[in-house]
């Protein structure tokens, strides 16, 4: 298999391991430095370094291949390294809860965009009503917690499920329209939802919902600082770790769905509905299933937000937020789970860092969006063909073990 | 005021609102027809047209050219159309052309980014750009009363001018050689290129016409409402897009039908439904969704059999 | 070969690590004789409400500059400006940004009610004093018992009570209401309706409009048929301007009364002569009537700000002064500053006397009616429109024509 | 007798607006044979395929597959009954890998979906493994090169290989009836011969498969079909063995135009 070839080219042994961890540590330091730096110097240095690295690696393919092979060869270690570094984030950002909050916000966007990606990236269904679906999740969780005092785990779950249910409301338009028309359907829906929420009494109208209980799991309140014995972390560390946990779970789920028949089916529907139909795919059933599934992710992120901030109101779920979500998916790379994470990171955290240029921020945001799309129209991390090596390996392994056992019996 | 008077008066209101929407919708139809692009920055060119006219008026005012009103109006329209179109062509060459072959999503997002950049540039670079700006009153302000119904001269002028602009656009793209080229590109870009149509030039011309019409709409909007604002294009873009779909994307007259229908829907929803004023857009957008589901080709669009 | 690339990677890695450490370590360095204390200002600097936002920021900055110029002040003050875009979500981030910087001792925050109400929790949780300079929603101070939240400007309740009473004084009997559907417009509508009922005004209709609407002919045609004495508008200038313009075009000559949201320069500039005779209510006394008012005006102009201070600039200025005074007195300690601010009583400022009640709300005795005259907002009592003045409010003329007065 | 007739149509017709595309066509296809469907451009061959696969709903007539009427059934259901097809202009998903394209052909037989994908990976792994073996086997019949390139995007393959992959996708369904729409379009004569040999191989390998093939290249029709149906302007004008129809004057006229 191709994998073996890569292994030959990789740095082996301790050198490879050190390189893997070294790369992770450098990237981590570069990113964390952006947060800790009050001004924008680090950001500028980082951008220059990133550009230099891209240019360098484009010319020097061999080295790039070697490094990626090394990372692949040390996968386990690489993952452990990533997890440890991610767990360390609240320690690094101990002094600036603000940035921790922004990181969590980016995490929530990742969560929503993983769902949006199932719709838009995998299945090719445009959804410009992401924020409206987030509102369903947020208001469901908020109203249930406020009016009935339900526990957090239940309201989060309800937020996700109710959003999924409500998205069935849109099933006729979603199944009957495509492309630009579907885009317009979702835009119209987005505006309808926000206006309605603003004009209805029981949603709190324009003043929204106040004093939504903050997260509390079986008596453990997320609103208290996180005391680890040797150090007391800011209360947002609770939310951070919970976001991380959810993101890992949802990311793995999304990754697994991608690498399964569901992913293949979705991609076929996206690329050619007619071909899918003549191969026995129930296009409508799958479109609806994946649309609902994606909205559940989005709804969960909304429910999470309402329990983290404790206050939601209609402007939280305006059209421009839907646009940001779509930008994340397209910019990060359609149908690529890692791309979503990179996209959310860039589009949520960079503008926040760009605050030092105040007035020109949005103008630059627009320009950067254009430039990125022109030079990297398939996203920063484009779609990669599915690989079944892992699943097949897994089955072969099992088969082999089975044979050994059988052989043992016969003898 | 009797009920009938009220209905007539509200219809006039709806028509006026509708013609504003139509003028924006025609641009969407044009871009879609030619480039198969939903140009989300169109609403912002509409806004830009208004601001260009305001700048030109400021220049005229300081030079004391405000005596001859008809000439002044022509100067504002022409000047703003040319300037807006120039900016449109330049930005199209830089941002839209490189992605014209990319998937629809990309072009959609690029135009969105362009819209944000234009909107913010106006806000940042125009003096006190975030405030609403008063627009000069140049059209005759009198009115005509028939019974209880009041028709303002200004409204008649704007309405006639609006219809005229759309008729001219239709003439340009259906009857002239240039228009033929545009439509050939719309049908099949590659085939058109083989037959000697200059694709780049066609894109330029499309943006020229589209932006010029947007500029006209922006100025008329300024005359009608007496103010313009940097963010007025955002919502107008969404409504213009909706109107062009209701009318039938690709059909220029569809823009008139769609725009006026949307205007009338909003007006009567606000006038008749309980809580109508605040929920009229909900109603209008609901109708848009119904259209998309049951008649996606719009009122004037032709039924197309999907080729398998 | 392999070894060399690996070595060079290691070198790059260490260089970067060192560089980033250096940059993080180099915060804004101390030095100088006085200790630097930061005070945050939060408000809209981008988007549709950037106009009043920038006016507030300039006024705030003016107060900081004055304090720094004062040789007697114990600390050097540094202003931290954060944009909330008038969006709640961004506002929460902005408040958190201020709160997570330990050097920030107090925050003068928010013009938009929606944002102010969403951030009170954040300020409370972080023990940071939050002095609201523009948002008028009563619940910001009255909706909680957070001792960190103060407000120097008045609320909608006071404004609308005076407004409704004044309407009766002018002899109006019927009123049609248009409001925007944001919390600002809707809130004004609710409090005004309440007060109007109490004083016996008849409300003919209430219509809500969305904040990005431009065309009001439908709503106005309805109102024209109702023929009210006065049209009450609860909303901000971007809607107020086209509304007034279309009212004139439709030849509706009822009196047009607005809330504080239209009392800004752009309203007069954009409308020109059509603004004449429009009334707006604002908390506090007119600048010119206050002891330091003219001084503020002159200082503001002398500081060379291009943009006008707008209606709420003076409040941001006073909020900054209160924060600075408290810090001067008790030192740069968040908790102490909050406690000190709570004791504010009868303090003379350019917006009149400031006294915080137990909710941190300034009990402003004054609400002033302004009228647009010759392109300027003039206190009604000083204008030619005052009772017995040389001019007559359009609504009065209209009622006389109709024989209702 | 009926047992041997896998598919037959009864006055199958369709018109679009005023245009009659297919007019009362009756076709019978015997089990385990290859039927050739020929006729000039626009004579309605592809339209018949579209009706047989449910993409178009006939406006008149009926058609029966294994004795059961499939009129009005949605395409996916017809596919599940065992009718697979290829398209005139290849409809592969060019961004997806060769393997994914073949896998979609096995869609109706797959059992492990969302829950397995997330929670029961080993069950899915078994199914994937079997599908993988089957796909590789099919690809190997057509071109061993394809096995090596199976994880590349289909868009990188040359035209002939794309057609082969498309036929593999159809074969992956293990269909009883395979509809091939001009498989040789745009190929050199050598390539065509190669492809036809492959198709023969496929037919010999599977126990029970009937093929309807639309072709313009007469040598193909001559070498591989058992029976030929000729269409012109939406009507059946002749049928029989290749030899029979090639001597039919009406057929000659249709192809060459009226003389003198």
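Letters A, B, C and D name the chains as they come in the text, with residue numbers starting at 1 for each one.
Everything below uses one rule, namely that a contact is a pair of C-beta atoms (placed from the backbone, for glycine too) under 8 Å apart; a residue touches a chain by one contact, two chains touch by 3 or more.
This one's a predicted model, so the numbers in the text were calculated from it and none came from an experiment.
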Open item on the list: According to the touch definition, list the chains common to the neighbour sets of subunit B and subunit D.
Closed with: A
Task: Central chain (by mean CA position) - done: A
Task: subunit A and subunit C: spacing of chain centres that average the CA atoms, whole Å - done: 38
TODO: Provide the C-alpha centroid distance between subunit A and subunit D, rounded to the nearest whole angstrom.
DONE: 41
Task: Multi-partner residues of subunit C (each touching 2 or more other chains) - done: 46, 181, 208, 210
TODO: Could you list which residues of subunit A touch at least two other chains?
DONE: 195, 198-199, 274, 359, 362
Task: Residues of subunit B engaged with two or more neighbouring chains - done: 120, 275, 278, 281, 308
- [ ] Could you please specify the touching residues of subunit C with respect to subunit B in the complex?
- [x] 46-51, 54, 181, 207-210, 212, 214-215, 217-219, 221-222, 224-225, 237-238, 241-242, 245-246, 249-251, 264-266, 269-272, 274, 306-307
- [ ] Can you check the complex and tell me which residues of subunit A touch subunit D?
- [x] 2, 253, 256-257, 259-265, 267-268, 271-272, 274-283, 289, 293, 383, 385-388, 391-392, 394-396, 398-399
Open item on the list: Under the stated contact criterion, what part of subunit C meets subunit A in this complex?
Closed with: 2, 5-6, 9-10, 12-13, 16-17, 19-21, 23-24, 27-28, 45-46, 81-83, 87-89, 92-93, 96-97, 99-102, 114, 117-118, 121, 125, 137, 139, 143, 181-183, 186-187, 208, 210
Open item on the list: For the complex, give me every residue of subunit D touching subunit A.
Closed with: 53-55, 74-76, 79-80, 84-85, 87, 91-97, 99-100, 103-105, 107-108, 110, 112-114, 116-118, 121-122, 124-129, 132, 151-153, 169, 173
TODO: Spell out the part of subunit B that touches subunit A in their complex, as residue ranges.
DONE: 32, 38, 95, 98-99, 102-106, 108-110, 112-118, 120-121, 124, 238, 241-242, 245, 249, 275, 278-279, 281-282, 285-286, 288-289, 292-293, 296, 308
